[in-house]
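What follows is one structure encoded as structure tokens, with my remarks underneath.
Here the chain labels run A, B, C and D in written order, and each chain numbers its own residues starting at 1.
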């Protein structure tokens, strides 16, 4: 029991320390890349709270990400650098939109919920895509990066560590939340909402709270993204991104916080691998092919995502051991 | 129905394909088959990334060679344009034995897919990973904006061989940013004067809702309304949507004297065809910025016959300089050059002038800029100079489509200089 | 806008709506009957469009060409494709949860897009309207309307009618309707559900591909054209009520009109409009306009 | 009918319904049912399948809206209350099929149930396992229903009988005054049944128990009052003896088996 509990903690600790040390080895471009992946990890974590934590499949999560990002650019002062206030503001905007969307879409359920969240995301997408405030397809620029006290985000390393810090904090926050009464209630809703009502939980406010919170965290990720690139674009709200982040979750393994981490990184690395000319030569141009196939393979082979691998292996070993003890009959069975 | 056609489902990650990096990654992947534990996977990942990141040090430009990054669209709507620009650039290079100024040139290519969403990543690849000395690119205005921003931050020299986004030589202008093509404002403004002269009183404009379109229309409107015309309706649809039917009907409804439009590439083909199919061609004359009929005439066929457009280049300039260029181009690449080829060619010329002036020492950015400003580029389009905002001061021609050619009718506007609004330099 | 123009816009809306219906009807069948969220449906539309572009010359040489023979060949190939896909991939998805279906079909999208780029390339291509449909009819004094668009509307209407008949008059239709309302019941009726699924899926793919082929001349073919259609189709399906053909038709027309008139009346909001509509409808009727069964 | 009956033990009924009806399309699942339930009684509602017993329970606990009629908890009209609110007001129910949370431990199942009434569920930083109030209630409930040896086992691993017990325990954890039990004996072995009956007998002292059950022998052993439903309406209600000898009932129901 305790061993089982410990190993994930150790693993996560390892990951974070590795990330903290990375800038020592990684050059400018590497740092840039890893910061980006970490931002997506935060984004994936925010969605995990909904999908894995509460059992609500949201197919429009990019909206909150994008709103956070656009808020960061649109609300930033023209001439001087913005402060931490901007962060709070962006997160609030995302949370506010999440509150509205949640309040409405939580009236539906199942496939319809998936689709309504998508609809609201598309609404936000076209809002920035077709109206002047969003700058159309070309997006808009954040000319001066914020400064948190003495912490000038114009310097890539500062930004890197701010992102890492946010990632660790978000992770810790959710870890606490999952163990809290609130978290348990959400888990209960995920397993059997009807039962929760019969027990006396008014489930709606719980779900709404989770939805809003998740939206706020996605907004945080969006803010970081906008600050990192100093550029926002409608595609940050597109359903493609909503899809990608879902994929990260499923790839990593739903229902585990570390699944979101693993998912974000492995999704990125899968892409990098299939894009690399060294392996595929000129064929690397068609990297989507490899990515698509491997995703499908994951569905077939890893129903529980990458997190589930150790468990699956243990199972298989156990089975093989059992079969060996049974002798030959087992072999036929497997052929 | 309108979502950017260029963004693929997972455009949400930085692309990265350098040799060293990819070996690292392949190492990851070769072992990162399903069985490999997650931790190993993560560590391998870190290794891969660090090698990826470490590589610039190895990829430092070798002495003597100047590293030029070509960031152009090789796929998507503007693929053909990207190729033409590269050809033009290579042609000039070839004419000078692969040298610009005194130094050998090494080319690094990146496909920007005309996707603004990926622009920042792509340009970072060139600047941060490949450490290029000069960037040439690109076609799409939105992408060019991202490049200009990155160039401004990093101080890398940028020469824009097509994208006309006004801001590049406006608010975003910088000592290290130049343009060998035009500003969206220029052809539009010239056409404004032309159509006012032709005596049209009420005009409808239609374009894609993105920087290039908006600015072209703005330029047109400025000149046209200054000389007494009236733009009664400004129609637009999201880039790169090509379902024009509803808007064509709208044009018919408002019965203008003429229509001014800005479309390019595939969209231009589709628009001209639909415009004719809707029967508007015979009732309401269609005018446009030159890209409407450049490199698209084959596909447009008879529907384009007789259209008037304004641009800083045409197929039948019949100047000696132009003929030499066209001949050489046709010989080397087995196809006719277009305005994009010219712009690529001139980008190379400009770089050559600059490099020559600083004796190949690109750290002397001030001298580089000064040399370009004082220089007179002998372009196939006719010689031009650079304005204070580093945008060409050039003649804009009025052309008409005759058969498969954009024939010159007259010079619509002589030595037209972009106002470079918002440029502090 | 004066009345004639208004009518023309209605024609545009109708044509767009009907085309949408053609794609969405396939999706709603697969969605409603097999309970599979098929993100790859847009790709079938894309495949259809590229077939219209790619097959034409081949058919030219084989059968001496003709637009309709291209359509027929294309449709046949689409049915084949659908049948194979169902057998190869989708049959594994029925008892999986929605998320895994999303993942699997998402993978398929990527694969299809890349195969397309491998086989045909990434350039934008125009597809010619068959000569005998390329004329335009004069409407109003300035405007004239392309015959081909009328043809599209007509074809879609015929297919809609055909579907209606199949559903109401034939045993297959009965089975399908039963299936969309209650899967267990169908099995208890002793119908080979596997076979039914395979048929339905093949039909769905064929419808999408056909829509693609018909639309190609007006939309021209370009990379990722499927993605644009996909989302709208889901909107149609959900507004109409999952599994309901009637609903799909109504919803598609609703969207056709909303989009067309939105474009001209409130261009800024045209994109947002249909999604606001969807949200409203779902808040009013969380199960869509017509709940299947 | 029973609404007009003389009051028992001089107390008011805890739960009462008046002229409760529910139609499904054409079919009238529950027709004008009026019943009252007192503390200290096991009130069995029996009837053939489709007689409307479950629908009645559903309406009492608020899972289904009645087409007409009303429900009173103590003297308050709770007809418009949500199920959750009724549950917090003291209406506990168990389901025909086990609805426990299989991945949670027995204790956690009960604790989660108890948490429904415990204040401040928004304490996100404090681990749930430190929530004294709910823990106490949970442990108590688990003991009462005889699961004290299995507190830390995953609920999914329990035997069928134990799962049913856990169902009851989760109800108890919410400190209810009324227990609506939907076939708690379904699929139980003889000795498991005994345990359950003992449990119910122990619980009836300070709860009003509404029992829907098919196992007649068990019902007749434990029920203090019985109501027989046929096609949605009550044909008899009263002491087991009275019901047993009611000719209508024998004709309509008991005769059958």
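The criterion applied here is as follows: a contact is a pair of C-beta atoms (placed from the backbone, for glycine too) under 8 Å apart; a residue touches a chain by one contact, two chains touch by 3 or more.
Everything quoted here is computed from the prediction, not taken from an experiment.
Engineer: Counting C-beta pairs in contact, which two chains come out on top?
Structural biologist: A-B
Engineer: Where centres are the averaged C-alpha coordinates, which chain has the largest centre distance to subunit C?
Structural biologist: D
Engineer: I'd like to verify one number: the distance from the centre of subunit A to the centre of subunit B, where each centre is the average of its C-alpha atoms, in whole angstrom.
Structural biologist: 36
Engineer: Just how far, in Å, is the C-alpha centre of subunit C from the one of subunit A?
Structural biologist: Going by mean C-alpha positions, subunit A sits 32 Å from subunit C.
Engineer: If you average the CA atoms of subunit C and of subunit D, how far apart do the two points sit, in angstrom?
Structural biologist: Each chain's C-alpha centroid was found; their separation is 51 Å.
Engineer: In whole angstrom, what separates the CA-based centres of subunit B and subunit D?
Structural biologist: Taking the average C-alpha coordinate of subunit B and of subunit D, the gap between them is 75 Å.
Engineer: Got the subunit A residues that touch at least 2 other chains?
Structural biologist: 125, 129-130, 240, 243, 247, 288, 291
Engineer: What are the residues of subunit D that contact at least two other chains?
Structural biologist: In subunit D, no residue touches two or more other chains.
Engineer: Enumerate the residues of subunit C that touch no fewer than two other chains.
Structural biologist: In subunit C, the residues touching two or more other chains are 106, 109-110, 113, 117, 227, 231, 267, 271.
Engineer: Chain pairs that touch, all of them, please.
Structural biologist: A-B, A-C, A-D, B-C
Engineer: Subunit B touches which residues of subunit C in the complex?
Structural biologist: Against subunit B, subunit C makes touches at 1-2, 5, 8-9, 12, 15-16, 106, 109-110, 113, 117, 122-124, 126, 134, 136, 138, 140-146, 149, 218-220, 222-225, 227-229, 231-232, 259-260, 263-264, 267, 271.
Engineer: Contact residues on subunit C for subunit A in the complex?
Structural biologist: The touching residues are 31, 37, 39, 89, 92, 96, 98-100, 102-104, 106-111, 113-115, 117-118, 227, 231, 234-235, 238, 242, 267-272, 275-276, 278-279, 282-283, 286-288.
Engineer: For the complex, give me every residue of subunit A touching subunit C.
Structural biologist: Interface residues on subunit A, with respect to subunit C: 51, 57, 59, 104, 107-112, 114-116, 118-120, 122-123, 125-127, 129-132, 239-240, 243, 246-247, 250-251, 254, 286, 288-289, 291-293, 295-296, 298-300, 303.
Engineer: Once bound in the complex, which stretches of subunit B touch subunit A?
Structural biologist: Residues 3-4, 7-19, 21-23, 25-26, 28-29, 32, 34-35, 37-39, 41-43, 45-46, 48-50, 52-57, 111, 115-117, 119-120, 124-125, 128-129, 141-142, 145-146, 149, 209-211, 214, 238-239.
Engineer: Subunit B touches which residues of subunit A in the complex?
Structural biologist: 11, 14-15, 18, 22, 25-34, 36-37, 40, 125, 129-130, 136-139, 141, 229-231, 233-236, 238, 240-241, 243-245, 247, 262, 265-273, 275-279, 284-285, 288, 291, 297, 301-302, 306-307, 309-310, 313
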